[in-house]
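Read from first to last, the chains carry the letters A, B, C and D; within each, the first residue is number 1.
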Amino acid sequence: MIPSVAISNQRKVFPDATSALQGLLSDGITVMSGGFGLCGIPENLLLALRDSSVKNLTIISNNAGIDDVGLGMLLKTRQVKKMISSYVGENKEFERQYLAGELQIEFNPQGTLAERIRAGGAGIYGFYTRTGAGTSVAEGKESRIVNGQTYILEMGLTADVAIVKAWRGDTEGNLIYRKTARNFNPVMATAARVTVAEVEELVPAGSFDPDHIHTPGIYVQRLIQGTHYTKQIEQRTVRPRS
Amino acid sequence: MIPSVAISNQRKVFPDATSALQGLLSDGITVMSGGFGLCGIPENLLLALRDSSVKNLTIISNNAGIDDVGLGMLLKTRQVKKMISSYVGENKEFERQYLAGELQIEFNPQGTLAERIRAGGAGIYGFYTRTGAGTSVAEGKESRIVNGQTYILEMGLTADVAIVKAWRGDTEGNLIYRKTARNFNPVMATAARVTVAEVEELVPAGSFDPDHIHTPGIYVQRLIQGTHYTKQIEQRTVRPRS
Amino acid sequence: MWSREQLAARAAKELQDGFYVNLGIGIPTLVANYIEHDQHIVLQSENGMLGMGPFPYAGEEDADLINAGKQTISTLPYSSFFSSADSFAMIRGGHIDLSILGAMEVAENGDLANWMVPGKMIKGMGGAMDLVAGVKRVVVVMEHVAKDGSAKFKPKCLLPLTGANVVDMLITDLAVFSRPDRNSKFELIELAPGVTVEEINAKTTAAFTLKAPMASI
Amino acid sequence: MWSREQLAARAAKELQDGFYVNLGIGIPTLVANYIEHDQHIVLQSENGMLGMGPFPYAGEEDADLINAGKQTISTLPYSSFFSSADSFAMIRGGHIDLSILGAMEVAENGDLANWMVPGKMIKGMGGAMDLVAGVKRVVVVMEHVAKDGSAKFKPKCLLPLTGANVVDMLITDLAVFSRPDRNSKFELIELAPGVTVEEINAKTTAAFTLKAPMASI
């Protein structure tokens, strides 16, 4: 058993988003980006990704942001060649580029997208699911019928880089998410060659109850404390106080 | 949106292990039983399972307990027809029954076992894994070679009943595990027709931080507060105080 | 004929005490308003939550707490959060008892089309295909006919499918159609006030059977 | 010839700062004692833990905190716990940098046999097949020859395999064999004190190459 010394893995911590992405980006790479709508998106890393001017990106993300916000920024600057998503509404620039044939889109059912990413991270080559059987999603895919149910074969999905957002992180890369801002972030953290995380609060290793950690540090190669979170709400819906 | 009333799902709570298993057991059913070795095993439910005298069980469990403890109790009473496990050492009665041809055993690599159970719970018919390729585990299974790597097709696994052990549970069935006693418990909770959980501490719904819940209540149909935990340690290993 | 609210109220009758339920966007969301107070219904939001609470009071909105329609929501004492992968494992694995969804077309064999609007930009299927493939029981709520008066309950869907043979019950503003299992035909089991079987026949191109006492309604 | 402890110390040289490592039962477990103090090595235990700490002090044992060998252990400040499914997703997905395992036989093509003892009750493979299939680099430590003096590093494994073409390095009590990738042959790169190439040749039936300067050791 190892002696109980705890050398903190400070090498994982970077001063800002730009330095955290240094050396990871080149034209044509595939990037996974966490978040559901604008909830739980890596705001700082997306800005740095835009400012890097890297081009021809394939972006794996459930949504495409809205105009000028989140991935919408990278669409505006024409850095995206292809999106792999489940839903891309609420984005006029996306629509314009798509209809002009400037942008490719591969739609995946949301659960299939999440499971393909999990499979990619978990060393699963592919899996059989009922989702999409009998629809256009099944076209060109292998299938098999078992007890009258049709299952289609979906493949694991990986990326060169994943950018994810957590609520709190420690210097070891352990991450804890908050409420529905968790969404695609933990599964994307497992599925890229390099995962870069941003957190609202960076704390020393040992701050977390080990039973509460959502993403173990092994999945996070670099992390930063983010700044200036806007956390824009897409549909502010309230009820009257009675 | 629903009004913020919180009717606690008290119907899930049973007074003891025997009543919690009432109506679920019959000869020949398949039961998943959580735990790794003797760590995190559902002690109360295993006792009740033994006392039910149900026979010809197929048990899905990573291990088979030790003589007279855990699943070892059910082996002694000859209630088990077949084990689906990854490792069954430390059990003389197991060995005797197996060598006498009284007990069937299906060995699965530990990670394949865990993933098959997850797949069963997640509606995945089967998945391709490298684990076991080129070994006896691959015999009789479909396989495919991709980029020189051989993957074998493993099938999802489900059960009639799962018995699991958590540290704390609320009346809604939400569960929190403690340390390495988590192991197979959360994944088994997802993969049975009926999941029965036992916890060391049963608390009212609302006691848990919703970000800390490991098993959401949807997976737990019945639960009890366990009693008289022995938590036997198989390999008590310590270091000297220096 | 039923209003949107009445439609939602009718759909709410399909909820049973103890059910875990996923409600789609639009009229299905309204169903939550008609849950009986003595029923314990747990709502799932596919972006990663069980026990979805009501919209927050003004000033209590939390950007980290939204539903699948990206609306701000609140927690309840028994809420739990999980990842998208875990959420759809729950959905795909058949753990949700009931899903109530909108539709553009439903076919007499139970096929459902609700993700591509003809002639419009394709926005994607989101979680709809996963829900119809995984949830134990799928109830569709929709207007009985399209804006041009054409039937939406048809012999065959013309729009791209969301799922093949996945609808268990169809509730429109005019009537309710149900079937006991997915090998059976739909049966007209209920009419909205003032609606006749003749009107349904005129506005429906799908084949369906008639519940025996229905003719006398 | 190396003792068990020396073998473990030699294997520890394969650890690199920042590595996530899984150690098998037996001699591999001893490797943890030889981690350099300026190295940050995180140990994984396949029953669901990262950041495995040392054995506890007497009186501090916790039945809920064991390693894959079912021994009581302790936590470290950066520990985390997860389920068996998540643990093996980590292993299968190639996230563990190095695994050090024991063996009964290693073949010259990298095949490994370490789960079935001939003539004995089959106890099962546990996590061994997952580890060799998933971990980035697999180092085997074993005694060079069997108790009857027969070679364990062989042209072909005779025992049932744990994995096909999975071993990257073999460290025995007599020598170290390594290969740069899984398409290459093993090379003898190091000899234990007092051991000659001739002795290795005599006690090895596997084909291997000789590192150029090795002949002069």
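Miscellaneous remarks
Everything below uses one rule, namely that contacts are C-beta pairs under 8 Å (C-beta built on N, C-alpha and C of every residue); 3 or more make two chains touch, one makes a residue touch a chain.
Computed from a predicted model, the values in this text were never measured in an experiment.
Under the touch definition stated at the top, chain A and chain C share these contacting partners: B. Here B-D and B-C are compared, and the pair linked by more C-beta contacts is B-D. Rounded to whole angstrom units, the spacing between the C-alpha centres of chain A and chain B is 32. Chain B and chain D have CA centres that are 29 Å apart.
The distance from the centre of chain A to the centre of chain D, with each centre set as the mean of the Cα atoms, comes to 35 Å. Within chain A, residues 1, 115, 118, 122-124, 129-130, 177-179, 182, 210-211, 214, 239 each touch two or more of the remaining chains.
Contact of a single residue of chain D with at least two other chains is seen at positions 54-55, 73, 75, 81-82, 88-89, 91-92, 133-134. Chains that are in contact with each other form these pairs: A-B, A-C, A-D, B-C, B-D. Contact residues on chain D toward chain A in their complex (touch as defined above): 18, 20, 29, 32-33, 35, 37-44, 50-55, 73-82, 88-96, 133-134. Chain D contributes residues 45-49, 54-58, 60-73, 75, 81-85, 87-89, 91-92, 111, 121-130, 133-134, 160-165 to its touches with chain B in the complex. On the chain A side of its complex with chain B, the touching residues are 1, 115, 119, 122-130, 144, 146, 149, 151, 176-179, 182, 210-212, 214, 239.
Chain contact summary for the complex, chain A toward chain C: residues 36-40, 62, 85-89, 95, 98-99, 105, 107, 109-112, 114-115, 117-118, 129-137, 150, 167, 177-187, 214, 231-241. Within the complex, the chain A residues that touch chain D are 1-9, 11, 118, 120-124, 170, 172, 174, 190, 204-206, 208, 210-211, 213, 216-219.
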